[in-house]
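In order of appearance the chains are A, B and C, and numbering begins at 1 in each one.
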Amino acid sequence: MVIDTRVCKKHEPCEECIKACHHVHNVPLIPNKKHEIKWIWKEEFEHAFPDTAHEYLDEYLHEREFIVLCNHCEHPPCVRVCPTQATFKREDGIVMMDMHRCIGCRFCMAACPYGSRSFNWEDPRPYIKNPNPRYPTRMKGVVEKCTFCTERLAEGKLPACVEACKHGAIMVGDLADPHSEINKVLREHFTLRRKVHLGTGPSVFYII
Amino acid sequence: MHDAGKVIPGIIAFVLFVTVPFWTNFGKAAPKPQPELPKEYKKCVESKEFMRREHMKLLRKWRFDVVRNNMRVYINSEGRLINMSLQNECMRCHTSKKKFCDVCHDYVAAHPYCWNCHIPPEEKKGWATKEVKSLTEEASSKQPASHH
Amino acid sequence: MLEKALVGSKKYWALVFFLAAVFLVGFFFFLKQLKYGLGITGMSRDVSWGFYVAQFTYLVGVAASAVMVVLPYYLHNYKDYGKLTIFGEFLAIGAVTMCLLFIVVDIGQTHRLFNVLLHPTPHSMLFYDMIVLNGYLLLNLICGWTALHAVYKGTKYPDWVKPFIYLSIPWAFSIHTVTAFLYAGLPGRHFWLTAVMAPRFLASAFCSGPALLLILIYIVKAFTRFDPGEKAIRALAKTITYALLANLFLFGCELFTAFYSGIPSHQISLKYLFAGLYGHMKLVPWMWASYALMLTAAILLVIPQTRNNLGLLPFLCLLVVIGTWIDKGMGLIVGGFVPNPLEHITEYMPTFPEVMISIGIYAAGFLIITVLYKMAISVMESRGLI
């Protein structure tokens, strides 16, 4: 996935991608910050890229909002530590959650260096206003995160966030295919990835 | 035997206690469950007998195939293609969890917790929601604990 | 042998019923947690492990420390630990049981616990933790029970148990090593990402566990005729001293690496724990108290006059137990989560139900220890050994 943060900047405070994702996946809106569930959200540069940020950052970057989500790492630490394989890497590279198997030990949350995972500290249903009847909710006691919309990809649709972005700031493609559009975009632009030095191989790229 | 006077009544009391459910329900047969079948559809995924006996195993296999193997289409014994989904496929025909699933499950005191996450047809409108701020308000107050 | 635990003085029964009652209170709060979810604890999206996991970590150390009496006795034939060994093993049984219970209460989907067995995953450290902890429980049950049974029968312990005893020695080291590996292998949690995590865990275990054992022995001594002998107590005090020094030394190594290298990510959690970050300083007094207690204990234990003062020793042990408990049971886990991976700060303190559940588990563990100790004392009394 490539996120063109220049486009996002132009259309602030747009959050169509967040709204779309959280609606189709029945992500609850919990006011208590400690119990919050988020699959995709906004962060400032120094929080999204804490090891790249510094005090002489240009204002333009300093003020920009960055969309963050699961990086679907090439070497996902969450998958490594999960004691039941409830979170696993699919052949296509998507890091998937099996909600039926998760025991809620939260080892994956300790392992994820991006803070991309949320735990259901309580029953999420009372916090879902207009549920999407085509997608399940979660129950208390399991961990959840972005699944790259596997259910939509299976139907030949784009992920909800990509489809919702009217400005085309988010694009997805096959990194493994050198001729894919996404590889072309990556060749032509300067991009950042979050915490590359940890060796996780994050698959979300940010055009700066 | 030592303390026979305490041990034997003790055993009898224990046996009576653990068999309480039998005594309280003695002679009362619960009526046979009558799940309501869809009217406009005649054929289920497999035969009625198979579904009655194996539906839980079938659902488990579906769940495994969809979530873990990214396989979403089931080919039944007649060669028909079926979208493997409890919430979107099974409940398309069986439009009521209460009148279908629960009828037998309650009868045999089985409590599958599929519906803790999957949304049954009767609950598609949602649940009693707790008071929450709108998404934009939430977003603007998003960083109170953050520091630079 | 178990029949020995079924007869006892009023004081013994009062203790048993008290602990059982506390356990039931904890269980009541656990039922509430099952109903509402882990949201009744102080944990959050950012601090996703808290008091339960910290107690688990601390108690794995206590369990592992039994090796500090088992090893000298069985490997070096250090006869003075003869009577003490069984008590060490029984303490380990109680401690491992508490560990397992803390895992049970920490899991979000409690009834799915056995998924860990159903889908064994050798690349997860929790998989190994499950094996070593349950194995250690079994080993201590075998070794402790047969040793006491031999006393009961007035014989020497049978030869078949020897391999289990020898196995239990490296196994004790393994349980705390694997527990350290739960934390030390996670990218992005710099506070835990350190090669001295396992050695430091072992050092803190080998001072806190024997210190707790000595306190328990002093209590047992006050109420029964049991006396492990001054020599044994003095020897164990030396073990505590060296382990405590090693623990402080390893912490010093952490401080050096973090602050001499000057790398912010290595310093930030330490800064949070000892100085607070941006006004967030809930743990600061705890951490200073912890290290003040450990340092005081270390100084007094190093000085032979104070260490060998058998009246003072239990209080020094208390300093060690409290100091290491705060370090591991409050600071270590939470410190790894603050700040979060996005460098936001969310603080953590356990809630009332969370503390009650934890106290309930401690009561269960000490109930097991009480019953086992009672059994051991009565068996020894019946043989005229004490």
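One rule holds in what follows: a residue touches a chain if its C-beta (ideal position, glycine included) is under 8 Å from a C-beta of that chain, and two chains touch if they have at least 3 such contacts.
Please read all numbers here as calculations on a predicted model, not as lab measurements.
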For this session: Look at all chain centres (mean of CA atoms) and spot the one farthest from the centre of subunit B.
Result: C
Exercise. Pick the pair with more C-beta contacts: A-C or A-B?
Worked result: A-C
Exercise. Centre to centre, by mean C-alpha position, how many angstrom separate subunit A and subunit C?
Worked result: 38
Seminar exercise, completed: CA centroids of subunit A and subunit B: separation to the nearest Å works out as 31
Problem set entry | Residue numbers of subunit C (touch at least two other chains) | 343-344, 346
For this session: Return the residues of subunit A touching two or more other chains; collapse runs of consecutive numbers into ranges.
Result: 33, 46-47
Exercise. Mind pulling the subunit B residues that touch 2 or more other chains?
Worked result: 143, 145-146
For this session: Could you please specify the touching residues of subunit C with respect to subunit A in the complex?
Result: 36-39, 43-46, 48-49, 106-110, 112-113, 115-116, 118-119, 121, 123-127, 130, 182-183, 185-189, 265, 336-337, 340-344, 346
Problem set entry | Interface residues, subunit A side, partner subunit B - complex | 13, 15, 18-19, 22, 26, 29-31, 33, 41-42, 44, 46-47, 88, 90-92, 96, 98-100, 125-131, 133-139, 150, 154
Exercise. Subunit C touches which residues of subunit A in the complex?
Worked result: 33-37, 43, 46-48, 50-51, 68, 77, 80-86, 101-107, 109-115, 118-123, 140-143, 195, 198-200
Problem set entry | Of subunit B, residues touching subunit A in the complex | 63, 67-68, 70, 72, 87-88, 113, 116-119, 123-124, 126-130, 132-133, 135-136, 138-139, 142-146, 148
